[in-house]
Every structure is written in C-alpha cells, then in structure tokens.
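Let me begin by handing over the structure; questions about it come next.
In this document, chain identifiers A, B, C, D, E and F correspond to the written order of the chains, with residue numbering beginning at 1 in each.
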Amino acid sequence: MSTSSRTGITLGIVNVNTSATMTQTIVDAATAVAAPDTTIVGVTPTVGPESVETHVEAALSQVGVITAVHRRHTAPITLDTPAIDAWIIAGYGDEGREALQELVDVPVVDITEAAAIAAMAVGDRYAVVTTLDRTVPMIRGRLELAGVHDRCVSVRGTGLGVLELEEDAERTDELILDLAGEALAAGAEVVCLGCGGMAGRARELSVELGAPVVDGVTAAVGIAESLVRQGLTTSRVGTYAARSPKRLSGFEELEIPETELP
Amino acid sequence: MSTSSRTGITLGIVNVNTSATMTQTIVDAATAVAAPDTTIVGVTPTVGPESVETHVEAALSQVGVITAVHRRHTAPITLDTPAIDAWIIAGYGDEGREALQELVDVPVVDITEAAAIAAMAVGDRYAVVTTLDRTVPMIRGRLELAGVHDRCVSVRGTGLGVLELEEDAERTDELILDLAGEALAAGAEVVCLGCGGMAGRARELSVELGAPVVDGVTAAVGIAESLVRQGLTTSRVGTYAARSPKRLSGFEELEIPETELP
Amino acid sequence: MSTSSRTGITLGIVNVNTSATMTQTIVDAATAVAAPDTTIVGVTPTVGPESVETHVEAALSQVGVITAVHRRHTAPITLDTPAIDAWIIAGYGDEGREALQELVDVPVVDITEAAAIAAMAVGDRYAVVTTLDRTVPMIRGRLELAGVHDRCVSVRGTGLGVLELEEDAERTDELILDLAGEALAAGAEVVCLGCGGMAGRARELSVELGAPVVDGVTAAVGIAESLVRQGLTTSRVGTYAARSPKRLSGFEELEIPETELP
Amino acid sequence: MSTSSRTGITLGIVNVNTSATMTQTIVDAATAVAAPDTTIVGVTPTVGPESVETHVEAALSQVGVITAVHRRHTAPITLDTPAIDAWIIAGYGDEGREALQELVDVPVVDITEAAAIAAMAVGDRYAVVTTLDRTVPMIRGRLELAGVHDRCVSVRGTGLGVLELEEDAERTDELILDLAGEALAAGAEVVCLGCGGMAGRARELSVELGAPVVDGVTAAVGIAESLVRQGLTTSRVGTYAARSPKRLSGFEELEIPETELP
Amino acid sequence: MSTSSRTGITLGIVNVNTSATMTQTIVDAATAVAAPDTTIVGVTPTVGPESVETHVEAALSQVGVITAVHRRHTAPITLDTPAIDAWIIAGYGDEGREALQELVDVPVVDITEAAAIAAMAVGDRYAVVTTLDRTVPMIRGRLELAGVHDRCVSVRGTGLGVLELEEDAERTDELILDLAGEALAAGAEVVCLGCGGMAGRARELSVELGAPVVDGVTAAVGIAESLVRQGLTTSRVGTYAARSPKRLSGFEELEIPETELP
Amino acid sequence: MSTSSRTGITLGIVNVNTSATMTQTIVDAATAVAAPDTTIVGVTPTVGPESVETHVEAALSQVGVITAVHRRHTAPITLDTPAIDAWIIAGYGDEGREALQELVDVPVVDITEAAAIAAMAVGDRYAVVTTLDRTVPMIRGRLELAGVHDRCVSVRGTGLGVLELEEDAERTDELILDLAGEALAAGAEVVCLGCGGMAGRARELSVELGAPVVDGVTAAVGIAESLVRQGLTTSRVGTYAARSPKRLSGFEELEIPETELP
C-alpha cells in the first residue's frame, strides 16, 4: 500500500493488476492533481494477472480487485489505515465498478468513465488510444454501458501490451501521438489515454499533440472528491440494493454474515 | 457431471452456480430439445456462489465457470469424457461468454442471447421476465452488448430470488404469467424466461399465456448444434485472438505454458 | 422440387427467384449441415424475377414466394409431399419473412437474420459482402428492422450481379475475399455472404480468409430445426394475428374462405 | 381515374387498395390543399386487396401499385392523360415508395413520411393513430427506415379495420380522439392520422383535439409540388440506379426491353 | 426588405446575418421555386454578426433574428407590408426555429431541416457540404435534435468562410464538388448545401455532380407553402405553449403585455 | 458580484437570469461543496430575462451570459477581481456552454451535464425533475447533445415556474418528491434537480426520498476544480478553434480586435 501524507478526504485507488510498480505510478499521477486536503491510498491486488488484456484476465482481475478492496474496507481504522472516503478503480475498460458499488458504502469511480467525462468537458468529440487491438471492444462496451459513448469517435490500439508501455517510453509516446493525430484528423478534438499504465503522460502529450490529452486516473480524482463533498453515495434502491447472505464456495471471506442484515 | 447416452455432437453446458440440482434441471431441459445424435454434458462449478443475483456474485461465478470449463476442456478424452464440440453457458444476463471464447477452441453460446434470438424468430418484439429487480440492468446490459436489444420491450423482475423459484412452483408460474401478461399488453409478442433455473417451464407457460414463451437453455441447444455442423468457431482475428503467456497469481492452473504458442 | 431422403424434421426452403439451379445449390448447402433426421425440401417460385437485385424485383419476388409457399403448404400431405415443419426464405436482404409468418402455422426463418446470428456467435462485429452496391441499403434495412444491426460494421457490394456469381467462380471468390479483407481491417471479425446464391462457399472462403465466413442458408437450417424442436411457432397476439377474409383481386387463390375462421 | 381540372403541375396519387371510392376521398383531400396550378390524378390498382392491413396484403398491394403506376406512366401523353410530374403513394406504413422510385423518372412521395415531416414542423414530438394494432410494427418500421422515427412518441391502433372507418364516422372520430388525447398526455404535441382512408378529417379533428392533426395525403401534396419546382428527382447513383433488363416471369409487362438501355 | 410582386401566400424569410446582399440572394432563390400565388418577403436583422460561423455569433444572430421577426410580425398590415403566412429561417445549422415558433402564430420552417427532408425524398442517404469545419458539430447537432439525422452519412467543411463563398465562385464550386464527390463515394446519394449563402447554386451543381444537390432555402419554400395550405400551425400543448409575461431587461420591446393573455 | 473569501482555485459561476438573489443561492450552494482552497465568484447578467423558461428567454439569456462573462473575463485582474480559473454556467437545460468555450481560455462546465455525470456515478439510471413541462424538450435536447442521455429514464415537470419555486418551499419539495418517487418506480435510481434555482435542496431531499438527489450546481464545482488541477482546457482544434475578427452590429463590445490574432 502506498499513502501520501495529506489529510481531509482519503481516496483509495485500486490497481487492477498485481504490479506494485504500476500502483505507484498511478498513485503519483493521482497525487499530482488531488486537492490539498486529499490523501491518496494505493491498493494492489494479491491475486490476479500481472496485466489485464483479455476477458479471462479481466475476470480474474475482478476477483483480485474485489478481494483487495473488501479486505481494506473491512480492516480496522487506524492512523495508518484511515477510512476510505471513495474508491477509484484504475482499470481502463475493465469490469469491476459495479461489484465495488455493491461492496462498499462510499462512492466508486471508474477511470474509463472519468476520462470520457473530462474529455467531453473540453471538446466536442473524443477518441481513445489504448494498448492491444483486442481490448478495443471491451473499452467500447464499457463506454456504451456507462452511457458516455455517443461522442466517442473511435477507440484505437497501439499494438503495445500493458507491460510493454514502459519498455521504450519514447516509442510508446510516438505510437500514441501517431494514433492521436489520426483521431484528430477523423474528427476527434480530445484524446483519452486508454490504460491505467499510461497515467502521468497526459500533460506532456497534450503539448506535443496540440490538443487536450486526458488520463483517466487524474480525471477520476476530482470526480471522486466531488462526490464525497456533495455527500453522494451509491443509490440502494435498485441495482445496488443491499446484498443478502449467500454461500460463496471458495470465497467465504466475502460472505455477508446473517447477523449483519438489519 | 451429468451425461445423456447419445453420440454424435457433444454439447457442454456449464451452470453458473454451484447447485448440482440446477445443473440437472438444465441438462434435462436441454436434452429434451437436442437432435437425436446430440449428447448433453452438464458441468457444475466447484467455486462460486450458490446463485447469481449481484455483480459481486457474477464476478465470483465467472471465475468458477472459467475454472470448471478449463478443467473439463483440458481433461484427457475418454469414452466417459468425450470431447466437447460446443459450450453453452447457462447464466441469464451473466458475464462469461467472452472469456470462454478465449479459453476454448469450439463455439460458445450464451443463453441470454439464444433466448432473444428465438424470441425474435417468432414475434415482432419480446420481453424478459426474470428474478430480482436488481438483475434487470445486468440483463439489459448483456442484451445491448450482444446487439440483440432493439426489439426488447422490457425486462421485468418477479421479485423472486433464483433459489426461491422452486419453493412454490405454482406461485412462481403465477408471478411469471402476471408479468408476461403485462408485457404483452405493452406490446411484446413473445416472452423470454430470464433465468437458467426456469429451464423446462417454457412450453407449459406458453399454453397458459397464449403466446410463445422462450427458455434460453433450450434455445441455445439448436444454435450450438448448428454452429458445430457449419464448422464455425470463434474468430481469432481481433477480440478473441490467441492469449499470450502471462503470470496469473492465484490462478496458476489457467496460465498458458510458453511452449503452447506456435 | 428437390427432396433429400431423410425423415424426422422436414424443412422447406423457398428460393426467391425462378432459377431451379439456384434452388438446387441452396438445397445442397442446407443438406450438408442439417441434422441426421432432417429432410430438406426446395421450392422454386413459378412467377417473379430470375434474380432479385432491385426493389421492383423484390416486390415481384415476394408474390412469387407467397404463392409458391401457399400452394405447397395447402397441398395434400403424401409420402412425397410431407408436411413442412418450418420454412426458410432464401433471399438475402429481401422482404417476405413477415408475410410467410402470417401465411403458415410453422416457424419461418430468414437467411439474412440467420447469417447475422451465426456471425455474432463467433466474433465481436461482422460485415456483409454482397452482390450489387444497390442492394446495400436493402440489406442494411433488413438487418435494422430485424434488430441485429448494432454489431454490423459494414455492408459492401462486389459489383457482381446474382447471375454473374457463377460465371467465373474464381474471380467471384477473389472479389469476395478482397472485400472481406477490407472489412476485417476496418474492425469486422466475421464476414457474412450476402446472397443466397453464394451458399456452399463459406467453408472454403473461411480457410482462405483466416476468419469465419458465414452463409445464411446453412446458418438458417439449425435455427429452423431448433425452433421445431422447442415447439415454438409464430406468436399470434399482435403483428401476426390471424388474417380475416378479404377480397384479393387477381390473387383469389390466396383468399381465406369465410368458413375457415373459428 | 379521377382528374381535377387545373393545369401546371400534375401529381399522380396511387391508392394502395382496389377501392375507387377511397381513391376519390384521397383525391378530394389532396385537391383541397394543392397549389392553384396543380392537377391531381388519382389511380386505383386493378389487382391487389380491397384494403391493406397485413404483410400478405401489403405484398399483393405493392404489385398492384407497381403495375398501375407503370401502366399510367408509360401511357401516351394526351390532353386527358397529361404527364405526371410526381407521384404520391397513399398507403400509410406500406412498402412501395422504393420500387416506384426505380420505376419512374419523377419524384415519389410516401404519405407516411410526409405526415411525419409535417408533424415535426409544428411540434416537438408526434404520435400516430392508426387502424388495427397489427399494423403498428409496419408503421414503426417504415418510420425507422425513412429516418423520421426519432421524434415519434408512439403508434397506437384504434382496433378499426380500414373498411370500418367509414361505417360509423362519428365513432371513428371518437376513437381517434381518445387515442390522440392519450398520446398528448404521454408527451406528443401533434398527431398523425395513420391511414390513407382517414384523409380529409384532419382539420376538424385538430379543432376538437386542441392540437395539430396531420393527414399524410395532404401533407404529401406540398412536398411533391416542392420537389417538382426545385427540379429534383430520384438520385441514380446508388440504390435507385437504372435497372438492367431481367426476365420477370408472370410480370412480362414490367420487363425493360434490352433496347432501352443506353 | 425585399418583396416579390405576387399575391396569395406570403412567406417571410429571415436572414441570420446582417448582409442585405445575402438576403437578396436568398429571396431570389426562394422566388424561383415558389408557387405562382406566393410572395416572398426578405427580412435582414439590424443587430448581430455579418456572418454566422461560431457559437458566439449564433447566439448574437438569434437575438437579431428574434427582434427582426417580432418587429415585422407586430407591424401594421398594409399593402406594402402584408401579413406573413409562414416564416423561413435561413441559417444552416443555426438556433432560432424554436424561439420563432413561440413568437409568431404561423408556421416556421428551418432550412437545415428542409434540406434534409428534400434530400431524403430523392435518395437513400445524404451528406452535407458546408463552410468552415468548426460548424460541422453545430449542423450535426441541429440534424439530430430535428430527428432527421439517421440517414446523414457525413457533414464536411470546405474550409471557406461564409463571406468567402462569393469571392471566387468558381473555386467555391470546385471545393463543393470535390467534397460532394467524396461523399458519394462514401455512400451518400444526395448532397445538401450547408449554408444559406449557397442558395441558388443547387441546380447547376446537380448537373456537374450527376446526383441531386439540395439547397435548404428552396427546399423550405414548398414545405412552408404546404403547411399554410393545410392550415397547420405550431402546436400549443407543450414546448410551444403561450409565453407568460416576464421582465426582459434590455429587450423590453419583446415583453408580452399582461393584457395580451386571455 | 458575490465572492467567498478563500484563495487557490477561483471558479466563476454565471447565473442565466437577472436575479441577484438567485445568484447568491447558487454561490452559497457551490461554496458548501468547494475544496478548501477554492473561491467562488458569482456573476449576474445585467440584460436578459428574470427567469428562463422559453426558447425566446433562453436566447436573450444567452446574450446576457456572454456579455457578463466577457466583461468579467476581460476586466483587469485585481485583489478583488482575481482571474477566473474555470467558469460554471448555472442554467439547467440552457444553451450557452459552447459560446463560453469559444469566449474564454479556461474550462467551462454546464450544470445540466454535471448533474447527469454525478447521477450516473451513483446509480444505474437517472431521472430529472424540473420546473415547467415546456422545458422538458430543452433539457432532453441538451442531455442528448452532451452525449449523457442514454441512462436518463425521464424528464418530468412540476408545473412550477422558476420564480414560483421559492414561494412555498414546502409545496415545492412535495411536488419534487412526488415526481421523484414516480421516477424511481419507473426505474430511475437517482434524481437530478432540473433548475439552477433548486440549488441547495439536494441533501435534504435525498434523505426524504431514500435515494440520491443531485443538484447540478454542486455537481459542477468538483468537475471544474478537477479540470483546473489537471491543466485541461477547451480544445482548439475543431469546434472551438480561435474566432476570427468579425463585425458584430449592436454587440461591438464582443468584437475581437484584428490585432489580437497571432
């Protein structure tokens, strides 16, 4: 776990893969845009894939995310482990937001949606530049289900895997800028970086592109802070109504004790 | 595992919960509509929830389904464990089809989509009657992502949990028929039963309703048989391209050995 | 009429043009993928165009199809003319399914929709490769009305007329493969053959393309069989309610006698 | 044939059923709103149904319409049979516009689309009140394919057949006003009369409803006149490119002679 | 103000910019396609931008349009200033139609929508060729809100400002024809001229393009005439209900006196 | 103008009507949820309507908003008039965001979109409860153009005018809660307050409703802060490219001097 030193609002950011290095990159990017009274807490799953690029990996990742968040959320509150006021899930195009909304009683923000929201605030239509082509339909699907797809011109893959992004940062930036340029030519006015692992590159790429580049992690911080300050949390009247006790073979740690229900 | 005695095409049906009784109900319903040369093989996950009604449960279920199918699919072929020619995933509104399409080299059919397809073949617009209201957005989301939502008039919940369906079968039928009647009045011409656990009730309910009632399990059998006979299987050019080796902490059994790649 | 020798389920396939040769091609393709207990019966209209490529021809064809199916459906059942358990209408992008659903009391399957369904089962998004460009909007329109258009990337014309397809089979395949390749490059993962006259080429083209190629005729067979085995037939509660007697000048053979109504 | 006495622009209106009385009603309604220099020519098909309420009837009607328009369009121009400058097809929700666009070299206007256009010009959202419930999906389908469905709140059926509309005009008006009132309460601001046989009732019903009521026949007249005055006619670059010669068994009169092609 | 000499229906056309020359171009184009008994009255705003190409200019223009139409509409009726039977607002992609519908008690027609309607009447799908790229989203937005966007293939900018159109007419035509040709290649069958200032060029460009070219001003005339002859005017049951008195600081001339309400 | 005493980020909120009292209500609501280092500056237009409920008023309001923001934005920076880091436009369903995005070089946030974004973060589908029914299509239109309409179940009017909201606060709350309850019953899980004048009531209404109630003003604050901290501002590559000099009769103060262009 990685914690910045400020107090006030505490945001938990859960990485979707098991790489602690990537968690640190994400925490750093988030800290850079947080309000002065916001603390960022990074959480890395202990089970799941080292990176998420397929549906099988997304499924395994989701269990890792659920377990890690559950463990942190039910841990005793101490000075070192303050209560989390809102969670950010740092997987671009991944499942998981809905399950966390059931699991915790504070707001949950998804970086895919946060990036789209920031993009739509600063331009007419946006594009997403991501890692492998195979993740394109997953991202498009998430944007559609989230109801923020109408102004998305395209989702394009660089062909680089998540773990390859860091290998040759210069080449990665070149590939991103090439696709971003194509997207602008096709009518986009803003570009979203479609991978949690791209966090922190947005400002520099914006300058080179000559158009806003949005990173979902930094976009999510302000939305999470805002929900906390508004006192809003997940509605319990429909989809996210309280769960009933249920036998969960192999995942007993996640079971709700009978006694917990009102 | 439950096996019927016929030969020719062998279909695997994976239940999404850990109830062997429900697997048997599903296998019986499937067997009743299979071609004479089709064998139905039922598979029950050993980990996961006893029923799937929330996003947390859907996530855990998905891992159970993936693991169970992987184990069966990589087991040695014997007389008692024949090769599976196509898989049916028997969770209405659940995730999982996409991951299985990556995992196995034979066709995979989802009962949510199969029911919609059968419904659209026998009427103009259709409705879905399901279990708890909270599952309605999950089902709607699956129909949208599957691209078969345009002719769906509504998805309605009976308020009964999956495990309550069997408790008072008469009352269950009454509740289903009430909602189905309302759906017809609102413009639906066909009704889908929105839960794998409702398998086997469709014909009787059709007679009482005076309009076609479709069950996804039975609808999926013919589609799976048809894909096998056409020699079609999942495209490997995009979303479902071959997975690369990857460290899967806690799920090492699902890792692809380096040597397996061409 | 062309009849295969098997028993069990009997499927009628009505060609939309007056070419008996094309009917035979279609029956052969269907027979190759039918269940062992399925018999395929081909029907060729006696009035209508020799091929369907325009709206005028589609309208005339429809009358030919309706008349031919009505005649076959009301003919006395004998050993040589067994009762038809379901009809397949073999015109890609053509009108006609809805009228047949009113006309007969067994399921009716359209090859345009069947191809889309099979395509969506084996990949994320699909494209259609068809004959003349002018038929593109007709096909797109049918896919939209059928509610299976959301995952269609594009419909492209080879520029070849229906009757030219057979003239130089090698060139036809080349043209189809060129367009199919462009479609894959633009995001499709599966390709549908957009003409009944292309029946039988799917498997070979799949191998050459390196991605699934779907033929609507073979896709329709399993769906039709499946509807029969599920005991489903067209809903009579709305669009396809029983027709009332009506004077049909020039088409008296299709009139419903007053005495036939309950 | 029915001809008004004016000169200038000549509009042909083809009824979709074989009732000459209904043709006269339509011609009268059209004449009442035509420009001073417009002549209205009514055409009644000699083959087809006495009214169009089913898909079978729509198919037969279409052939009657095509044949009648072709005959009139290829007839020698005389003082009594002046050249037609544009055609209106007077079937609400019926097929046929596209085929006529291929057949004739002057503009063709469909009353379903014309009514929607007029309705959208005088209010935010509109509803359609039609005859039998079974025609609702046909009408909705036409509005969707025509690209004018987005602002349609609902299509509702009175339960009256086309031929019943005239039987008790007072009761017909009551039923229409009841449904129209429901539509306003549900957010419509304008109501379209969804049947060519309702032509001529719009003004009176508007007064009683307190909101605009649109009749497709009268709406189509001005659009047809406008297209003529703008010198616009059907584009020949795609869907409606010139037809090639083709054998049309049973419809030889509609065949294009080889010599006609350039 | 510019008035043609005919009587019968009187249409007001309000230019959206302050250029009297452009008003005259518009009036001439309208007059050329008006019915023999229609008089065209051109109105030029006295406040607002000299051309409309940005959202700021569109906002200022709208106030100019509202004020000019209000002044003309409340002026005493004389021989020289006859009552206006319907208004046309001649800004392509601009706001304003809705406000005028509140302001006057006669029909109001927008040239953006009118062009789309004419285009859809003479081909399957259409494109728009306009001035600066920055206006593309404004035009697309108007087509979407108007509910006539489904059949629009693309909106493309020539890069020419409104006031540059006239500078080198030959070059303007070339640029329009280039983009129009690209649009046809991409599936459009008709092209709309996306600027009021392009009025009058449609016929000539049609000939050169070999496909219909539509100008919104001329398209609007027939629709406006048609609404007048049908006796239709804006519905007052919802969006366009009568306005109540309200203090309008700085725009007192537009205030409704208390006494005017019933 | 109303200013809170904090430093750090300075947000300008422009009211859309001329009521300074309402501006104060809005500033108070914004201040309550702002980060500790955020200063809120309220701006009231000097021209325009006292409340915005019609399209005419929206048009006049827009000019008032543009002028007021332009004046504040070009005023000399002093201790009392600090530079504004981002603008919020406080009109629910109103035009204006796009024009301000052209006008100023800092981010602009619209409360209609902000409310939708917050609502989608805490529930599956949302509804809007607003003032007069006539504003419903304006709000729906804004949500559609903003690309955040897909998850909106309904927009409902209380029948109360903007200026009536304060007259009997208890009755207003009752009316809002009634409609909000209906919306939940119809599938909404969150409710947005559809008027800037309702700012400040959200928390209390949430408690009474038992589901989240979102107010657009408070929702906009965090989004604006977040854009500032991310260093994002409006893209200048398309829609919002720099404006060129243009004669603006009657609005000379808004003209861009030639010398300002690079």
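One rule holds in what follows: a contact is a pair of C-beta atoms (placed from the backbone, for glycine too) under 8 Å apart; a residue touches a chain by one contact, two chains touch by 3 or more.
All figures in this text were calculated on a predicted structure; none of them were measured in a lab.
A.B. asks: Report back the single chain whose CA centre is most distant from the CA centre of subunit E.
C.D. replies: For subunit E, the chain whose C-alpha mean is farthest off is B.
A.B. asks: Give the label of the chain whose average Cα location is farthest from that of subunit A.
C.D. replies: With centres defined by C-alpha atoms, farthest from subunit A sits D.
A.B. asks: Given the two chain pairs A-F and C-D, which is bridged by the higher number of C-beta pairs in contact?
C.D. replies: A-F
A.B. asks: Between C-D, A-B or A-F, which shows the same interface as D-E, counting it as a repeat when over half of the contact pairs match?
C.D. replies: From the options C-D, A-B or A-F, the copy of D-E is A-F.
A.B. asks: I'd like to verify one number: the distance from the centre of subunit E to the centre of subunit F, where each centre is the average of its C-alpha atoms, in whole angstrom.
C.D. replies: 30
A.B. asks: Please work out the Cα centroid separation of subunit A and subunit D, and write it as a whole number of Å.
C.D. replies: Each chain's C-alpha centroid was found; their separation is 54 Å.
A.B. asks: Please report how many Å separate the Cα centroid of subunit B from that of subunit E, as a whole number.
C.D. replies: 54
A.B. asks: For subunit B, jot down the residues that touch at least 2 other chains.
C.D. replies: In subunit B, 124, 136-137, 144, 187, 238-240 touch at least two other chains.
A.B. asks: Where on subunit C does subunit B make contact in their complex?
C.D. replies: Contacts found on subunit C: 8, 33-37, 107, 109, 113, 117-118, 120-124, 144, 146-151, 184, 187, 189-190, 202-203, 206, 210-212, 214-215, 218-219, 221-223, 225-227, 229-240.
A.B. asks: Tell me, which parts of subunit B touch subunit A in their complex?
C.D. replies: 18, 46-51, 53-60, 62-64, 66, 95-96, 98-99, 101-103, 133-134, 136-138, 141, 144-145, 161, 238-241, 243-244, 246-251, 254
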